[in-house]
Structure formats: structure tokens, C-alpha cells
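For clarity, chains are labelled A, B and C in written order, and residue numbers in each chain start from 1.
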Amino acid sequence: MFAKPEVRIRIVALAGLLIAWELCARFIFAPALFAPPSRVVAAWWPTVGQDPKVAHALIVALLEILAAFVLAVVVGIAAGVAIGINNFGRITLFPFVLLLWGLPQVVFLPLVILIFGIGPPSRIAFGFTHAVLPVIVNTVAGMRNVNPLYLEHARATGASRMQILRHVIFPNMVATVFTGLRLAMTLTLLGVILAELFVSTNGIGNYTQMFADTFKPASLLALVLTLAAMAVALNELVRLVESRFTRWRQG
Amino acid sequence: MTVRDRVASHAIQLLVVAVFFAAWVAITQAHAVNLLLLPALPAVGASLAKLVGTTVFWNAVGVTAWTTAIAYAISVAFGIAAGFFIGRSRVLTAALEPVISGVFAIPIVLFFPMIVIIFGIGPPSKIVFGAIYGFFPIALNTIAALSTVDPLFLRSARSLGASDAQVFRHVYLPGALPVIVTGLRVGFFICFASVLGGETLSSASGVGHQIARQGELMNSAPMYAWIVIVLGATVLLNLVLGAMAGRVRQA
Amino acid sequence: MIGGLLEATEGTVTVEGAAVRGPLPQAMAFVFQESTLLPWYTILDNFRVSLEFQGRAEGWRERAMASLRSVGMEQFAGHYPRQLSVGMKQRINMARGICMQTEILLMDEPFAALDEQTRLVLGEDLSVLLARTGKTIVFVTHSLAEAVFLADRIVVMTARPGKIKAVLDVEEPHPRSPEFMLTPRFSEIRNGLYELLRDEIRSTVDAMRIARDTDSA
């Protein structure tokens, strides 16, 4: 496995980055501002592993992400089906979806906090609004991009409209939605974490603020990288689920 | 789609917009929702009118504008450079493209507190943040653009004796340009959104900061006014960039 | 038009005395040039769904397995279409068409995308199926040899606009063996077809030449 040039290049690149990080943090930046990997690793256990309050905040964040994601998928598919079910609906309503997609949603963050308060509901709401749009877009696309050959076969074989929806359009739609679920997860993460960082009393945003204010970059980075690892794990999970449900696509 | 369908579709769209505003007015008249969350439409209009043209307005807009501009310039420079350097080589692309898109899937906003510690609350932290975020779509699209250029054309040009510069100009560029332009457009809006996000999270100046501040002070009408300003700017920028992209395509 | 998927511009199509106005899944089954097996179902489930579409799904599992066995594909019942080659899929499509238990089977260049060897094998299979079931099969092909090998009656169409140019009968009983293709009768019919079509080919090529010359003029 290590013989493949791609893997070797990756290892070299990542090693180079780590070394650069270590040197920069040690010699260029003041220790109050930036921490090298060595200090971050050392700080991980006392900051994240041991402290039950930080661990609790991480779990809360995870639950918020999952809640927002599931909500976005359910509502997104429902809305997508409602919009895409016929041509007229699609042409009329889809432009609104695209309009919303292009807006920098972060400007609504203070408003969302005002509406939903400081706790988890506002974070779930903000994650939801970020993730629901790609799900809708993918659902609508999935209803359109059915291979006309399959529709022709169904029609020729005497299928009713209900049967066509159930056996031809719906499975195709599910497959397309699954390819969009990874993007949906990425955006859920973005929304929830943005909201957390903006204002939180007990959540991870609270601790990032605290570590920043008390100039503890090692602790801050330890927390941040733990969250990043969680994000990677969640993305991988979605990818695994996706490949399990689209097994019929693989040769 | 018949002409009648098209007209009906646009009519319904106008109806949706009209219903939206009518509902806004009705809800605020009936005091059904806390005025803190949904100010009356005229109040927002008045705030907007009072705001535009003041020094506060120009200060905020100015800061956001040149922060975005500088951040974007940096992300374009690094994005295109990295994109070309990596995209030219198939080995490098296979090795590094997955890493870059993997990192992009992590919410980079996680590192914003760290950036603020190092660069402070002022514009420089937003410039760094915006530049980093904007880098990814530009680099990824450039890599993708180069990998889709048919090696057959490259070989044929080289066999005719073309120099590297000529190959670049006549084979790479025209084939790769549309995808790169898309990357530049997406990169701009991501850059803009992340500058706004940074200003909202932690800043003393800029439009994002104004929105956050008005939210904090619970001045909903001015907050809505600022949101409208950003939405208007987004629509405008979309039109301008879209036109520019179209012109590049024809060139 | 026979299958009710296209509307005739003039005249009528009648099947068993009744005019055709739309798909008649009870009377006619289709096999298209490209595989229409739904990719998200296994082969067996594809049979089930198609029979459900038709509305006659009783005993679908036995019927499906029997059809698959008749073309030697029963061990792939649990596979997904993506896992099979084009030839295997077309064989299964053929089996499914027969499984629909209709009087008429419409096949639109079903073997066009296959290599020569697979075409010959599937042609033989079809001949056997024809002998066993006695169905009426309408088979569209551009291959002269295939037409002569498979058909009891050959309808030759002109170039655009397509009109019936000639009708030939082939008396050889089904199932036909490959040796049939070596007989003088086979060659006689085939050459006759070629003569009929030569004019059509020539007029098409002439039309193309005229178009090319007027374009460049």
C-alpha cells in the first residue's frame, strides 16, 4: 500500500505540514497565540478527555447535528417531492429554492438566535436551514433524471401512475438524494457549529470563547481538532450508508 | 410548456411574493408575533431609508467590501496557482485532490477562533478566514478543469511542436476556462459569506458586525434593514458576476 | 404503432380484430434494443415488478424462475443488472418478454448491440422458444441473415418514408438449426432480400450525395 505514489505524496505532504506547523508555532508565534502539535496533543487529555463538562458539550453538539440532519432530510425530501411532482410545480416553485440557496445564510444567524433562543433549538434550526436546500434540490433532480427507457417499459407493460412512481421514479430519486446527503451533512455541520460559535452558554462555543479569552491556544486547538475529527467521522458515516444503499450501482 | 402555462407559472410566482408580504403585514398588524422578532414592514422600510447613506452605513459597507476584495484576491491567487500546480500532474491530482476536498468537508469555521487569537478582532482575521475558505472551491475547480482536458489534444499539440506556453494558451485554457470560471464565481460567494460570518461572530466593524450588534441590542427593525442590504447586494453581485462569466465564455 | 406506443397518422392497426389505441399489456410484450431491467432491483424482482405492472402476478416466482431456466440464466436471479453483461441482460429481457405470457411479442432490434456470436446463440434460443410457445413475434432487424434465420414471414420496408415493399415467406419449421444457414434455400432468400434492398440503399446514398453537394455549393 505504501508503494503507491499517491499515498507516498500524501504522507510527505501531511508530514511537511505538521513539521511546518510545529516550527512556526514554536519559533514564529508567541506561545500565547498559537500552539504546536506537540502541545496540542499534550493538552488533549486534560482539556477534552478528562473534563466532563467539555465532553458533555461535545455530545450536545453531536446530537444537535444529528437532529438537524435528520430533520433536513425528512423535510427536504417531502418538500422536494411536492415541488418536483409535476413540471408545472417545478418550474413555478424551484426558482424560489435556488434563490434561497444563493443567499449568505449567516446574516440570519442573529435573527435565528432571537427567535429560538440561546440553546440547542437555535443550533438545530440553523443547521436545518443550511442542509435542507441541497436535499430539496437533489430530490427534485432525482425525480427528473429518470432514464426514459424505464418509463417507456413501464408504460408499455401497463403500469399505473402509482406503480410508476413507486417502482421507477422513487428508487431513482432515492439514489440521487443519497449522493446529495454528503453535502447535506457538510452543511449541517457548518450551520450547527456557526451557531455554537456565535453564542452559547454551555456548549462548545462557550469553551472556544473561554480558551481564546484566557490565551490557551493548545486547549482551543485540542477542542477544535476533536470537533474536526467528529466532522470527518460523520462524513464518513454518511458515505458508508450511501454506498450500502446504492449497492446496486456498483459493478 | 405552453405559453399559457408559462404565464400561469409566473403569475403564481408573483402571487407567492405578494402573499409573503401580505402575510408579513397581516401578522404584524395583528400583533401575532413579538415585534422583536418580526418588525412591521414600514418600520423596516423607515430604518432602511434612515440607514442608507449615513457614515455608519458607508463605514460598514466599506469595511466588508474591501475585506472581501482582498480576501478574494488572495484566494484566487493561491487557488489558481495550487490548482494549476496540482492539476497538471495526474499523480499529484490523484494524491492531493481527495485530501483537499476532504478538508473542505470539515467546517473550517472551527478554526476561526484560533485565527482571531492570532490576528485580532479587526479585518485581518476576516481576510485570512475568507481567503482560506475561498481557496478551496477555486483550487478544486481548477484541478477538475485541468484533469478534464483531453490528453489527446495535448499530445497532438506537442507533436506539432507547440511550446509549453502555446499548449497552455491554446489547449489547456479554452478547455479548462468554463470550469475555472465557475470555481471563481462559487469562490467569490463563499469568500463573501465567510467574511460576513467572521464579522458576525467576532468583529468591531463591517456589515456582519452591525447585524450582530443590532441583534444583541434587540433592535429588530435596523437588523432587518441590514439583512435587506446584504440580500440586495447578493442579488446584484450575482447578476454582475453572471454577466461577467457570460462574457468570458463568449471571448 | 403496433404496440400502441405511437399513434398512426393514417389508417388503423388492429390486433385480433380490435383497433389499437394504447398499450395492451395483456396482449403484447416488448423487448427493446437496450435493456430495460430496472437497475435498483434484482433480476427476480424485475420479473415481479413487470408482472405487477401487467396486473397478472400470480405465481410470479415460479414463472420467473421457469423463464430464466429456459434461457439458462436461473443462477443470476439474485444478481443486479449492473453485474451482468449486455448479452446476458438481453437474454433475460427476452425471457421476461416470454414470461409475460402474451400472444404477441414485439422485439425492436433486440440483438443489435450484441456481438455476432451472442447474436447467433440468442437467435437459436429464440427459435427454440418460438417452436415451444407458438407465439406471434414481430421482430425488427437490420441484419438480412438474422431475418431469414428467424422469420416465418419477412416484411421488407422501403427507405424513408417507410412503406411495405415486399413480403416473403420462409417455410423452414422451427426450431431451426444453424445448418439452415448453409442451405441453398437460405442463400436464395437472402440474396432476394439483398436485391430488394439494393435499390433502397442506392436511393439513400444518392440522396446523401445530393444533400452533400447542395450543402457545399
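We take it that a residue touches a chain if its C-beta (ideal position, glycine included) is under 8 Å from a C-beta of that chain, and two chains touch if they have at least 3 such contacts.
This one's a predicted model, so the numbers in the text were calculated from it and none came from an experiment.
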item: Touch-network distance, subunit B to subunit C, counted in steps; value: 2
item: Chain at maximum distance from subunit C, centres defined as averaged CA atoms; value: B
item: Separation of mean Cα positions, subunit C and subunit B [Å, integer]; value: 55
item: Cα-centroid distance, subunit A relative to subunit B, in whole angstrom; value: 18
item: Centroid distance [mean C-alpha coordinates] between subunit C and subunit A, Å; value: 49
item: Shared interface positions of subunit B, touching two or more other chains; value: none
item: Contact footprint of subunit A on subunit C as seen in their complex; value: 3, 5, 23-26, 28-30, 32, 34, 36, 38-41, 49-50, 52-55, 80-83, 100
item: For the subunit B and subunit A complex, residues of the former touching the latter; value: 1, 5-6, 8-9, 12-13, 16, 36-37, 91-92, 94-96, 99, 102, 105-107, 109-114, 116-118, 189, 192-193, 196-197, 200-201, 208, 211-212, 214-216, 218, 220, 223-224, 226-227, 230-231, 234, 238
item: For the subunit A and subunit C complex, residues of the former touching the latter; value: 149-150, 152-160, 163, 167-168, 171-172, 175, 247-251
item: Subunit B contact footprint on subunit A (complex, rising order); value: 5-10, 13-14, 29, 33-34, 87-88, 91-93, 95-96, 102-111, 113-115, 182, 186, 189-190, 193-194, 197-198, 208-209, 211-212, 215, 217, 220-221, 224, 227-228, 231-232, 235
